[in-house]
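Handing you this structure, nothing more for now.
First chain written, first letter: the chains are A, B, C and D, and each begins at residue 1.
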């Protein structure tokens, strides 16, 4: 394992120190328990928005803390859910008296840890509501299972509900918007290569020189299907079909699209993939109202990408366009 | 070779099409010859700023076209200098009557192609001045050689002279600022892995599982020294020593720092590296006034990073803070 | 009789056990999860051993409370809240007690397992740690009259069978459930760490 | 006599030669450059062959002009402007001519090489294509009276020696110069493509 780190067990903390040093105007980092809050937290009279999850997905979530997006993020160890004490501290730190929304990616660990934190906060009189994002169409959805993984849609939802909270919406409205994102958003990912968790020291899985893993999660979990390498056009075709047919997205729908790099994919390829996706969308009459192309929710150094599609109503688009000032997304300010 | 592309020879064009589709509000892409201009070009009464170079370094340069930065970028084939017809067309497209600055990275090919383009433009009455960036301290500088490679400093210079042109500075002033950046900026890079040029189909070089290449260029050119893997602290120590002692940067200097990922490096590591750099700078009394941490000038999917340090006077810092609206850098708008 | 100091010995033993089985559990988790279960358990119980070293627990309830808080704060993932809840409920059951007979120990374990089920909402054959816990509790109930040693031995055996029985199952809870059919033919890591936990108990609490 | 059609044959031959030597030249460039010289030359001369196929050049000057413009637009890198300038200066020297004798051909080549030196500012032993060009011009000057065939043969031999002589040199121009001492013990790719260019000339222009 070659990594630009010191000791595996210090990666998260030292990286947080670097974030603090780089973005002291936007965020404030606390340690033991680790959490990141926007520099001006708590904002009185505003709903707080808190997310969190394993580290290794940067810029998500810490890079999305700041005006117009998250009030706080709780980074766990690499690919491991954070713990209730982090979420409890973060929730208290951003509580502006209007309640706090927990945006949770649907992993058993994340869900249970956020649940415990919410119980602790509620016991202290903070109004906490949790919305779970589960958008990965690679996972079969059924009543009997845990449901789908939460992946790329989380980024879009964080932007939209962050703007909602910023304009003064109450907790119910912010939570409703989060649920609307969940109801209207779908994603799917694929990988050319695996990634190596620092503490594990070797790749999570192995892929042959001409193999790809389609339907992969963001932790190097095996995907839906291993297949032979294909052209960008074919791969985008397979993935967008899975995403589009699931909701389904229909001709005339206005959407926000994210073509997201898994961490090790060159930007030149991400634009090429976006170009392929545009052709697919055009063929189906789906309108791309807004888009993100880049690394937003990553799996360390994994090569690959994901497609996220969100059917957005005019209010969502307005919230999307609202000013945002974070390390990872910035406009209007 | 596994890459998210269609045919190797179509990578640059298809990626440009994706950029156009994604950023039509900021840029306009022309094909055969390929060049990218800001959407509102030419801006009358403003000096035009043009750069360019091989593709594969995205977001540089196309991702830096837009208000407050470049007026045009000329993308060559992957890792190959663009040609004079591209630069000539781009220069004409952004000429607002106040002359055009060519910002050139110091590679023989880039320099000669820009030279030929400048001759062609001057023959048609456009005032063209060229400034060459050569900041890579890994290359020995001497009177008898080509000089140093142009690397990370190019990004900082593009931001600063772009803002200078935007505020209405004349060609001489813009060129002087570019030369001031060159005089006060230094960089060095390293790699954990090689990268694969799509047309070549195999990695440019091979590195052992415990080897790193220090002093590498941005095209997978061999570096200054191959060494055994080291900790982030040690690597940053070696590289910052080389960068700092070269100018030399001194206690009390105000600087702009860039910790740049080579394309395949996870952001969590870049922040960790920045944290190490902050400690080195503090130890030497060097002040970090501004910083960038992320992928700005890449080598396809290479894992590794570079450090760029620019001693900045108050005017440079003011220009740094000025609004910029490009695909790759955005603030104040 | 289970005493406070035998519980402490159990917890110290768990630190050794999860350190030894770190790679094994992580490997199981890499097949159907995210390759961290061994890392999680080893990190958690190293901290538990530290905490107990620093401050000797006053009674069995206090010991379990310390374990619970430590696991909740340091393990994360699914297993953190699950084992954390296990020891939390156990600590409530054994609050203030310095000795437990077979029935007392069984009550502690059963309260813990109820907590796990309430927290994780897994049922039998969902391919989780519950597949080791529930049969173990059943077996121990049947053997509680034979005393601590035989009771734990029966629990370990049932847990081992339950753990092995997870192999052919398709997961319906936890990360492995995302794999659908591909989760078949792999042993569940959490059921494995549960079996190890009971095995360590029978080695330290039976004497 | 060199005629317009023998020049066309030379250019077509160069397309074949650089296609065949694409990997070889790229490999040389990967040792001390950026692994594209073969790709660059093959791409450029494929386009040259196309251009000449589409529109038969009227005279030798026009042929060289087409080559120049095509290389400048399609090769990029260092070799694009260098070989582009070579043919540009050559085309000016041979403007309007449909036949060249040995002296005329030498003048064309010499004008081209002067252009390369003016554009690239390389001197002998900088480890560039100039190390093949300059000795070749010298040798051809000495042999010009023997006619086109022997003259070109002398040029090819001198270019080959010059090319081989680049091996021990430390590069002082072009990408390879960034390597300093590490550029030693490698043959310069550009000197190699120059040798191939002259070799193709002697095979097509001498007849």
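We take it that contacts are C-beta pairs under 8 Å (C-beta built on N, C-alpha and C of every residue); 3 or more make two chains touch, one makes a residue touch a chain.
In this text the structure is predicted, and so the values were computed from the model without any measurement.
Asker: Would you mind naming the chains that touch chain C and likewise touch chain D?
Answerer: For chain C paired with chain D, there are no chains in contact with each.
Asker: Centre-to-centre on C-alpha atoms, which chain is most distant from chain D?
Answerer: Measuring from the centre of chain D, the most distant chain centre belongs to C.
Asker: What is the distance in Å between the mean C-alpha positions of chain A and chain D?
Answerer: Here the centre of chain D sits 55 Å away from the centre of chain A.
Asker: As a quick test, compute the distance in whole Å between the mean CA positions of chain B and chain D.
Answerer: 32
Asker: What is the distance, in whole Å, between the centres of chain A and chain B, each centre taken as the mean of its C-alpha atoms?
Answerer: The mean C-alpha positions of chain A and chain B differ by 29 Å.
Asker: For chain C, which residues are shared contacts with two or more other chains?
Answerer: none
Asker: What's the contact topology between the chains, one of line, ring, star, complete, other?
Answerer: Here the contact pattern is a line, an open path with two ends.
Asker: Taking all chains into account, which pairs touch?
Answerer: Once each pair is checked, the touching ones are A-B, A-C, B-D.
Asker: Okay, in this complex, where on chain B does chain D touch?
Answerer: 33, 54, 76-77, 79-85, 107-109, 112-113, 115-116, 136, 138-140, 144-146, 148-149, 197, 199-200, 204-205, 217, 219-222
Asker: Can you list the residues on chain C that touch chain A in the complex?
Answerer: On the chain C side, the touching residues are 26, 30, 32-36, 39-40, 43, 72-82, 84-85, 119-120, 172-175, 177-180, 182.
Asker: If we count contacts the way the header does, which residues on chain B are in touch with chain A in the complex?
Answerer: It comes out as residues 2-6, 11-12, 14-19, 21-22, 55-56, 58-59, 63, 78, 192-193, 209-210, 212, 229, 231-233, 235, 263-276, 278, 291, 293, 295, 298, 300-301, 303-305, 330-333.
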